[in-house]
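Chain nomenclature is as follows: A, B, C and D, assigned in order of appearance, with residue numbering initiated at 1 for each chain independently.
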Amino acid sequence: MAPLAHQLASDTLETRHTKEWLRDYQRVRAATERLCAPLHREDYMVQSMPDVSPPKWHIAHVSWFFEAFLLIPFLKDYRSLDPAYDFLFNSYYETHGTPFPRPERGVISRPTVDDVYRYRAHVDEAMARLLEAPPVEHVDEIRRRVELGLHHEQQHQELLVMDIKHILAQNPLCPVYRDDLRDDLATSPAATPGELAWLNYPAGVRLIGHESATGSFAYDNEMPRHRQFVEAFELADRPVTNGEFLAFIRDGGYRRPDHWLADGWQRVKDEAWTAPLYWVQRDDGWYHMTLGGLVPVDEHAPVCHVSFYEADAYARWSGARLPSEAEWEVAAEGVDIHGNFVENDHLQPVAKATDGAAPGRLYGDVWEWTGSAYRPYPGFRTLPGSLGEYNGKFMSGQMVLRGGCCATPRSHIRASYRNFFPPQARWAFSGLRLARDA
Amino acid sequence: MAPLAHQLASDTLETRHTKEWLRDYQRVRAATERLCAPLHREDYMVQSMPDVSPPKWHIAHVSWFFEAFLLIPFLKDYRSLDPAYDFLFNSYYETHGTPFPRPERGVISRPTVDDVYRYRAHVDEAMARLLEAPPVEHVDEIRRRVELGLHHEQQHQELLVMDIKHILAQNPLCPVYRDDLRDDLATSPAATPGELAWLNYPAGVRLIGHESATGSFAYDNEMPRHRQFVEAFELADRPVTNGEFLAFIRDGGYRRPDHWLADGWQRVKDEAWTAPLYWVQRDDGWYHMTLGGLVPVDEHAPVCHVSFYEADAYARWSGARLPSEAEWEVAAEGVDIHGNFVENDHLQPVAKATDGAAPGRLYGDVWEWTGSAYRPYPGFRTLPGSLGEYNGKFMSGQMVLRGGCCATPRSHIRASYRNFFPPQARWAFSGLRLARDA
Amino acid sequence: MAPLAHQLASDTLETRHTKEWLRDYQRVRAATERLCAPLHREDYMVQSMPDVSPPKWHIAHVSWFFEAFLLIPFLKDYRSLDPAYDFLFNSYYETHGTPFPRPERGVISRPTVDDVYRYRAHVDEAMARLLEAPPVEHVDEIRRRVELGLHHEQQHQELLVMDIKHILAQNPLCPVYRDDLRDDLATSPAATPGELAWLNYPAGVRLIGHESATGSFAYDNEMPRHRQFVEAFELADRPVTNGEFLAFIRDGGYRRPDHWLADGWQRVKDEAWTAPLYWVQRDDGWYHMTLGGLVPVDEHAPVCHVSFYEADAYARWSGARLPSEAEWEVAAEGVDIHGNFVENDHLQPVAKATDGAAPGRLYGDVWEWTGSAYRPYPGFRTLPGSLGEYNGKFMSGQMVLRGGCCATPRSHIRASYRNFFPPQARWAFSGLRLARDA
Amino acid sequence: MAPLAHQLASDTLETRHTKEWLRDYQRVRAATERLCAPLHREDYMVQSMPDVSPPKWHIAHVSWFFEAFLLIPFLKDYRSLDPAYDFLFNSYYETHGTPFPRPERGVISRPTVDDVYRYRAHVDEAMARLLEAPPVEHVDEIRRRVELGLHHEQQHQELLVMDIKHILAQNPLCPVYRDDLRDDLATSPAATPGELAWLNYPAGVRLIGHESATGSFAYDNEMPRHRQFVEAFELADRPVTNGEFLAFIRDGGYRRPDHWLADGWQRVKDEAWTAPLYWVQRDDGWYHMTLGGLVPVDEHAPVCHVSFYEADAYARWSGARLPSEAEWEVAAEGVDIHGNFVENDHLQPVAKATDGAAPGRLYGDVWEWTGSAYRPYPGFRTLPGSLGEYNGKFMSGQMVLRGGCCATPRSHIRASYRNFFPPQARWAFSGLRLARDA
């Protein structure tokens, strides 16, 4: 997907030959399949909690997206492999028909994994025909939808990594996604981030959100670019580390209600939280499940798999707070996008020495919880038709995260990107960075 | 509590003799008891859902507040009537000891209602002693806490009205809180609000929140006063009426998912919502439960007992949106506080002809849902000690409402007041006013 | 109700003047009111769990029974006080109209306790008119229904005691039902039951159930009298004591799955059972809640408030088993009915020295769990009409208990009486007696 | 497994050479694999409700049984493939270690299906070694356990068929287990059972249960043979048919509470039952899911997939009742075991003309619900050790069914066989036969 990233700065799809669209399409689709390559058919079937989807469903659903929004409307004589797929693999588009109930995705054994790959190939073959000769009168809309469909597929690549991790972690046998990841985690060189430093940002009216006139891709929820007054603030130069979070645990952080939002404290009690998700305490210290198996917690790596409630409680305990999403975006202005992404193939946040970049490590490793509820920007407009359900209807009960993580494709992230999860969610690669009033 | 309202504009408690504090104290306390006067002992016992507290608990809890935060710390030789009350009537102050579980408040028959009124009198007698001769070294803190305690009690007055309505509404006998309310609703003169008109507000940096330097009272969550950039917007000159909401219902509003946030649509299905809470359809039209019994819905009165989800869906259906809390506060600047409050003793939103005020009816009748999630203002600081739990810990999962309602004491409301409820809550007197981008 | 008991052996209601029916009626009704005399209005309102009914509901429901099944069908010109009562106070007679949902009985504050007593008086006055001059053509049916209504009311007297105990026990203030009960429990003379002895019963075909030809009262579920083959068995001469049950607890009884039925073990884990209901361990030993407050467990008294699962587990641990209901009835043949009943006014099982009766203490103190599921006898017929719902429809998912308890009216019990509760129920005065194969 | 069936009448395993044990072992094990042959790997993974186990789990668990109870105790130098399997594939033997939580069997993707078949082969190879040269001092115990293990595996064969049917039925694509079954159901000759006839049985003391002295196999719960007095009764000569059950449905059977036990009526309302499980009403009549897909309901075939509650309600509606298990066993005395079993390979109850056998069709087609709760026989003893958990601990909350079904291996059933399910269970092949008092 590098071309798309490149294109962000230079040109737009509009100016490129549709052959390139097909190349992009094929690159993104191949990346999904590479992520699934280590899976057994049995792994493809598991729904380990209602929020997790079976990998089989993911690879079918992302194909359905192209079928429902491109092939059926725009490819003459397109024939669906099975009309029931339209019901089975619709995620949540209510205006497109009643979706199959999400928590029951794991009880559907047919179509099999092979069937679903056949469906995928069928869609790919038809998409190739469409993109090689798109009907002239729809070429703009097709371009827009292909672009959206590829970003949609990249989102599901990240979800696949999160979900596969959760699925394997339920298993008392502690299975490993890929053996080489275990070695990767064991042999990564010791890296010590420095003491946390604070960067200053002055008060002022700032422009927040994606500028649609650039022509580069962004989701509807990142627009329109608009003014916000941001008070002076300070931002930490790096995310909170496992070692720092351990100090919170050792100080009784999970036992003292005064650190917590009321809803968070209720979760701590109801679900008996005592550490981030996937952490296990043994006689010789803390371990956590990774895609490379159960390994010791690296004190220098960014803390991960904490909920918003835990991030918020840690921040309060440390005398700081979470940044707002506007503060984060102000800090990200002009910062290059590099970091630990899915292409780095660690699939885990890793320790890294501070390298003088300020702020450091904004991108990759862990999604950073902000203190901002996920609500529409002033002037927000949804996309027309069923695609209008893409983002807008989830704008309640969720918090915004910024910056991408170790499972995010590099070309999928940008400064204005607004990810969102419910405040109790922990299975995403989610961590935090501190802020404070100036 | 009129003096406190008066004082908002002219002087501050600091300059007044403590004798006046006692008079204020007694006025507010008496108002609580007046609200409970029509209740039978049996009514005092009911917890009709976990969010509702038995009226007995309310009248005990507000007394406990004075005992825990004033009498025990500051009144020499104060003796509690029963040490167990400290556990039973603590609402949610975790740092003050483990509170009795909220959903089980309705299973506690002892202390009886008479016992609780004795407790109330015991606290009142001790408060009189404290306020007549407060220890000099604590006089400022005492003043602050008395003021907070009285505003706290006023909040519970409003909750009492909401909860009593919910309690009586469960009963298939449709009991009436006070017979004269039925007559009041029947005989109120027909009033027709005009066509909805839009008021314009220009873009700019605005000051939002309470200015603490005024010395007048506000909760911690209204501070500090700070700058926000507010884009140009338009605001309706009055709340949405029952008649307008009926058009939404008749247009299939509760059956079409595209109007709704995803969480809201889930509620519609799970709880089979087809109209606002308390509404009942009969052959000859819609009725709703009021504190004066089951009466026909008045098409000209503001719609009430809608959740945030319903308010948001209505706004989307009508091509508008909810205002942000900053927009609401901008519009409220300089607007006099008058309207249908608890002192008007309708205990129900009522129809009123548009009177040229612009915007009209900002205060009273119905709390107006805003589109803003309840989060801290930049620079927010909680109160020290257990009182720090007053507001801050609820800053997740809730939406802000503005303007007070027909159950709010007149002196309790102000432009910067931030009420909050979860988006699904419907038993508050909650309605909406439309906004749109300029 | 002594006359009814007397009549069991000698005559039948059929031969008595209806004036005597009225006297019986008034005696039973007065007993209900005596049990409620110590209650505050607030106590009347509480539903501490779905199985418990508010005392107010009990006293209304037993009146409704007479109204629905006697006054409305048989008393000319009878006028109900309020037609809604027929809905509110119908317990479970589906063929009589939809009953008000049981778990919501506690949210109905009106009619008030005073209203309900007025309703009660209204029914009593009408019943007096009916019984003084019953219509000749219905006199037999009226007699049958009065008798059933009085036994029904006696059942509710026992439920009232159980429910009041449960209601007060939820309260952290440990309120006392009657102060003199505390003294009664403190001053009862030390009584040591002897070592448990076994009584032998030979095998053979036995007649089980109530002989309807005697004309004395029994519920439909005790009939018809029929033959069962009962293998030779041994029965303990007294119930299991608290001291014996403590040995089970100390031996890890609540921690070892092999003692338990699978469903029982699930309950032990899910509800964290470690002792009978109402037991609390303190530094100086075990206490339990009684209607006289929290008092030390008397090792010599029969163990009480155990579920079927606990009774069964104790029996298995001790190398014995529970008796079948037929075995219990064989043993009860010819045994006089005396024991610790509600008239003894302990309202708690008490220690008693073995007095040579064999088997001892079959009646009173604690209902004895049997190993028999509650199913119809061969040839069972329900009563006609709505009264057919009295017993038969509960014949699944419950176990039979025999012998009455300290809250049972003396005249309500008999050898053939089949009480029943779900196997997990613990709030009845339920204990056990051991049996084993000969 | 024919030899075992043959042996029931003639000889016992004790007299046979251990080589024959191995042949029996291999025959039973092969039958399990034949049932799984049509499955895809994905089908093996699904747990469609907590009561259903993934087929992968079944085939592993039955192997674990031989490993845990035979190989580890008796085969010198036996090495387990993976010690974790002992935890993962233990069903409910608490005394053998904490079993893996049943409702989470579907989230375990590893070991894969191939791994599990390797485990199966590993166990089979070791079992062959054990059975070829069993240690002389344990030969009796080994024989007993092999026999139990094979009957255990046959039970799981039946569960596999039930569970596979349930798994496939969740899928909106209506997948078919085997295509030829669809043809089988379509082409089976029309067969009309005659009018229901009643057979008479006189009253008397009967011997019930399995006679252990015969040496033939039975579960512990069928013993000891003991005396019961059985009143005179009548039994229908065949099961209730779909056509007869349709008359109940058409007569409003699912809408009238007076037909139902209270618990059953609650289920009808809570789960919106309107017909047996798997039935679907279309414009042209009733269809039901079978392992051959969705086919029209055959009015002449026995009704199937009804709960105890539905069976009981039907019987009450028809003026009859369910037989007790003793009555069923009395009727079965001397009746040959033939019928529609798993070997007939219909995997569905089928219509059959009455053939003069009286009572007809006692065995096969559908398990017949009896009116007897599943409780121990007088004198019941569990097996020693962990195998004591096999049957006894489930003796609460369940009802007995008799006679086997279309998924039962022919050699697995006998007159004394006591199957049991909770009264609400519907996914077994369960139907009913009427009885009435003589």
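Annotations for the structure displayed:
In this text, a contact is a pair of C-beta atoms (placed from the backbone, for glycine too) under 8 Å apart; a residue touches a chain by one contact, two chains touch by 3 or more.
Listed by chain with UniProt protein names: A, B, C, D = Ergothioneine biosynthesis protein EgtB.
Keep in mind it's a predicted model, so treat the numbers as computed, not measured.
Within the contact network of the assembly, the step distance from chain B to chain D comes to 2.
We define each chain's centre as the mean of its Cα atoms; on that basis chain A and chain D are separated by 47 Å. Averaged Cα coordinates give chain A a centre that lies 60 Å from the centre of chain C. Between the CA-based centres of chain C and chain D the separation comes to 39 Å, rounded to the whole angstrom.
Shared interface positions of chain C, i.e. residues touching 2 or more other chains, are not present. Under the stated contact rule, the graph of chain-to-chain touches is a ring, a single cycle where every chain has exactly two partners. Interface of chain A with chain D (complex): residues 40-48, 56, 82, 84, 87-88, 100, 104, 106-113, 167-168, 170-173, 175.
Chain D contributes residues 92, 94-95, 203, 205, 226-229, 231, 233, 257-258, 260-265, 308-309, 312, 324, 371-373, 375-376, 378-379, 388-389, 393-397, 399, 423, 437 to its touches with chain C in the complex.
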